[in-house]
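Below is one structure. I have some questions about it.
Per-chain numbering from 1; labels A, B, C and D assigned in written order.
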Amino acid sequence: MRFGEKVSVDIFGASHSEQLDVILKGITKGHAIDFDGILQFMARRAPGKDPYSTPRLEKDFPIVTSGIENGITTGADIVAYIKNENKRSTDYSSIRYTPRPGHADYAAYLKYGKDYDPTGGGSFSGRMTAPLCFAGAVCIQILAESGVEISAKPIMIGGVWDDDVAMKERILQAKAKGDSVGGIVQCTVRGFKGGIGGPMWDGIESKISSAMFGIPAVKGIQFGSGFDGAAMTGSENNDPFIFKDGKIQTETNNCGGILGGISTGGDIVFTVAFKPTPSISAPQSSIDMQTCEQVKISVPGRHDPCVVLRAVPCVEAACAIALLDMLYI
Amino acid sequence: MRFGEKVSVDIFGASHSEQLDVILKGITKGHAIDFDGILQFMARRAPGKDPYSTPRLEKDFPIVTSGIENGITTGADIVAYIKNENKRSTDYSSIRYTPRPGHADYAAYLKYGKDYDPTGGGSFSGRMTAPLCFAGAVCIQILAESGVEISAKPIMIGGVWDDDVAMKERILQAKAKGDSVGGIVQCTVRGFKGGIGGPMWDGIESKISSAMFGIPAVKGIQFGSGFDGAAMTGSENNDPFIFKDGKIQTETNNCGGILGGISTGGDIVFTVAFKPTPSISAPQSSIDMQTCEQVKISVPGRHDPCVVLRAVPCVEAACAIALLDMLYI
Amino acid sequence: MRFGEKVSVDIFGASHSEQLDVILKGITKGHAIDFDGILQFMARRAPGKDPYSTPRLEKDFPIVTSGIENGITTGADIVAYIKNENKRSTDYSSIRYTPRPGHADYAAYLKYGKDYDPTGGGSFSGRMTAPLCFAGAVCIQILAESGVEISAKPIMIGGVWDDDVAMKERILQAKAKGDSVGGIVQCTVRGFKGGIGGPMWDGIESKISSAMFGIPAVKGIQFGSGFDGAAMTGSENNDPFIFKDGKIQTETNNCGGILGGISTGGDIVFTVAFKPTPSISAPQSSIDMQTCEQVKISVPGRHDPCVVLRAVPCVEAACAIALLDMLYI
Amino acid sequence: MRFGEKVSVDIFGASHSEQLDVILKGITKGHAIDFDGILQFMARRAPGKDPYSTPRLEKDFPIVTSGIENGITTGADIVAYIKNENKRSTDYSSIRYTPRPGHADYAAYLKYGKDYDPTGGGSFSGRMTAPLCFAGAVCIQILAESGVEISAKPIMIGGVWDDDVAMKERILQAKAKGDSVGGIVQCTVRGFKGGIGGPMWDGIESKISSAMFGIPAVKGIQFGSGFDGAAMTGSENNDPFIFKDGKIQTETNNCGGILGGISTGGDIVFTVAFKPTPSISAPQSSIDMQTCEQVKISVPGRHDPCVVLRAVPCVEAACAIALLDMLYI
């Protein structure tokens, strides 16, 4: 599980292993890293703080073993691990051979064979985003040095748009029914310099999109006007150039800050679609893979009725790694 | 301009250079390649055949210099070139310093500096998809050996959905006004075996999405129910498992044939958003980069009122390269 | 610090950090790993066992956090760490700005600047070969499954050839004078199948040589007749083909089991030159980098009078990683 | 057939294909390239000029299709091809199934199977070094901008050391007998700045050695005192530091300009062993692979009695690519 070229992150382990290891390569030396800032960033991802996520507590404390000394990056690869303190809390044996709809179980069974144990989601678990957020937090701090600011927020949850309170109520409503909801996260990057990227696969969209689909539950991404823009005419969708505040910019931002794969210097804007969490307590149809008979299952364990709120820092983290990689290439 | 790991494509050159070179690496030896099939596939991309695309004629004839002998792959990297016979036909000097809205001009200027010459779009040109289609055609033939079938089609053009005739009329209507339209292409992959892919960035969505954003004008992608699915509940979006025709499958396909980044054995389905071609003859606002004054420009040359029809084989080609790479990794 | 393509090893940390981390990528699932065998292999590298190496004790116990479960490889990357228990035992402050002749100090100072602290050798330390031996031991066990046997031995130490007792005496003699000696290690690989490798940089020699020069103190390598063969004629150096024991083989092995970069199926044989350990207690000329004045220094700490004996398993380890990578490419 | 990371060269084709393609990646834009200089450099490799090499004439004229415009690098990958004008001149059918001793034939047969045709050496041919020299010539010109000078020379041929006239006579003597000789090439790099490289596999020796073994017929390499140094004591082999001409340097250069894998700023010096050309007209023992019977063969065609003279620019070329890659990493 690796992302990136010049700046890259490797994540090792699974939800049921002793620890998760993470390697962040390519960070140059001399950057001051605020460890408390990393912890605060990672806390945004951790569950158990409010009724909108699973009550499972995760204490995400990264131990850095290489690459940062006395709060300064050394130029060596940054190596850290996060202990899994809460593993195997639920008994999944009842579903061992009955794949959960919407989960990786069946596909993973095809890949890994009958030894595959879905307990805790293995390396498909949302737990894997803890080391992602660690690596992303470091990249965010380095991007901030040159004025780059990445901020994501949910803009739709379970069909409810833009209203924070209503979106949270929608989550509680789904939770009360033992159901779950998905949503859309919008991410805006300010201060990223123009002229970064390149044609075809050297483009920013290729890089950011592959970063985003590494986050569990992501099923779509669009830049700027995206799918809506596809229904427009050129005269509507093209962003006119204007001269304002002493610099050339676009009047509108249907391009999402990217033209020809290259940053324009305007805000980079994209939205990411998260499917509803597949774990729901309502009974669902599945197949017993040993007998090939139809069965009804109910997913055990404490579920996240909605991962979208916790996914927000993950989007920022993945975006930061992708953009820092673009800058360093 | 490179895509892929174990199977990879490199494309060299630009719309104004003598030729475009393409390297397709990682193809094992012993595959029969039908050269006429390649030409027919590439012809679907070539413009000048009908009133829906630019009247510019492109004779895309690839010359293979390595990797295929007597119609059989040798196991060595496949090297080919395509001559650019039609280059520099238009005089772009009037727009040299006035970036065309929606085009790469301004962003490329930021990247490459004042020497950057937008003539013909350079390496941002749709012309670059000719070698992409060559490489994709080879991969499609190899995938077909094991029963994989990739077929894409436009499902929306300029706001008109699903009706082929109406979509073509929409193009002519835009063309008549000197305007352009975008659209959405849906791609379906049948026969791709389950169990391919992996968690996080090892997933199929990461791979396909980065392949697609390498095609000029792509601004969004979604798998299965995608953005619509983000508004559903888990009980609606989860695909129940059933046993049918002697095998386990999903009753619906909101997951687009991919769960946990891994193929389920069902159809892989995704849709790709193309922005309207930025080249329109209607006057648009731009800035003279030398004087920073507001100007009106009209884009010279023979334009594509809509690239969506010609983009269909490009989507298939990029998809084939991505999936063959996933199979070989 | 990374080696390999399909099978690769990354090593993180330094002699003075809390721990050394090692990642071994590309190992397929289902291989039984004998952990005791790994410990025994690593013990051959560890110092402090006899009068021929430094009396410094290193307890090299690798903790595996991913990739091996219940003694079987899982197919995930293998992650392990080794604690540094014995770090910063010596006071190097006296030589902080006076580079030790033959050591990395001066070159590292040019690279890392004045913050570079030579204490314990940092990531240039022979200590870094502990994780190398861990990774190599895993690869050796996997190669052994298909009958590949790698065995290295010293053939010259301090000018004494081939006689084990005399070579050890040569070490003690140098040690008594506060001096050090180098030597040559010969490595023989039996049972490696023919037909692996390829022309130019796809060849086995390129792969093995770059692996070997990753071991500290290596300054030369030759395959088969090597430098001696360069003085022969073609009629002397060419290995005639014979048919023996039911198979085609070469009568002699001047090619070292490799022709055209490809294994012949015969023994792969190469020799590696190790320079004498630069750390000697005799006074040496250096320059105070702050004043640029000539000084005499004596290197503090407990030295290895000869690293060649301990380097033998390192040669085997690096060879195993290189060859397993060749097999998997 | 690929070498390098940030700066890399890919070579495609074989001695019997229409052309050889070469891609040089990673060269930044704005470097002036002297095309005549490239041709002169490549001419040093081309055979047929004197009695010391094969009378076969090779007109090596590279056609650049991307990456250099008006004599200046554009920042895009440099793509070129060289036509093979002289292919398949000899009838190799007599040796199709009787591998030539010392050649790649038998190993290639094991790798590629019975379809392998040894005619002209395929991609094992010395012909493949023509595109290597093209790529190297570009890198040499770029390194020269910052004062780096690479110069190689033969120091031993067929057992004769250092005397140019005697070495050439040794070649003619072997030629007269239908035999061949090998030799040793020494390469010296002046002006390469200190502080480049790194520990373990990040070191310069790993990089240069893997570059060199990509040249056909190379069987050994040593840096500085190399194998001789392995027989010295530390007090003899360590290079004392002195302050001279206003800078810190080493008094001797047993380290070959590299300590801890990092350049010291002194001359980088290494020697490369070339085996004698395996093609000799004297009869040799081989096995008919179809009948497994012992046969005597005589290698057809016009042979190089010694490749060492022509290999000199190849050593410089490979060294230049390796060092430019080290600088850019």
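Following the convention adopted for this analysis, a residue touches a chain if its C-beta (ideal position, glycine included) is under 8 Å from a C-beta of that chain, and two chains touch if they have at least 3 such contacts.
Remember, it's a predicted structure, so these values are computed and weren't measured experimentally.
The minimum number of touch steps separating subunit B from subunit C is 2. Compared with subunit B, the chain whose C-alpha mean position is the greatest distance off is C. Between the Cα centres of subunit C and subunit D there is a gap of 26 Å. Subunit B and subunit D, compared by their mean Cα positions, are separated by 40 Å.
In subunit D, the residues touching two or more other chains are 112, 123. Chains touching one another, given as pairs, are A-B, A-C, B-D, C-D. Residue ranges on subunit A touching subunit B, taken from their complex, read 1-3, 11, 99, 101-112, 122-124, 128, 132, 156, 158-159, 174, 179-184, 194-203, 205-207, 209-216, 218-227, 229-243, 248, 250-251, 254-256, 258-265, 273-280, 282, 284-287, 289, 292-294.
Those residues of subunit B lying in contact with subunit D across their complex are 10, 12-14, 17-19, 21, 23, 29, 65-67, 75-77, 79, 81, 112, 123.
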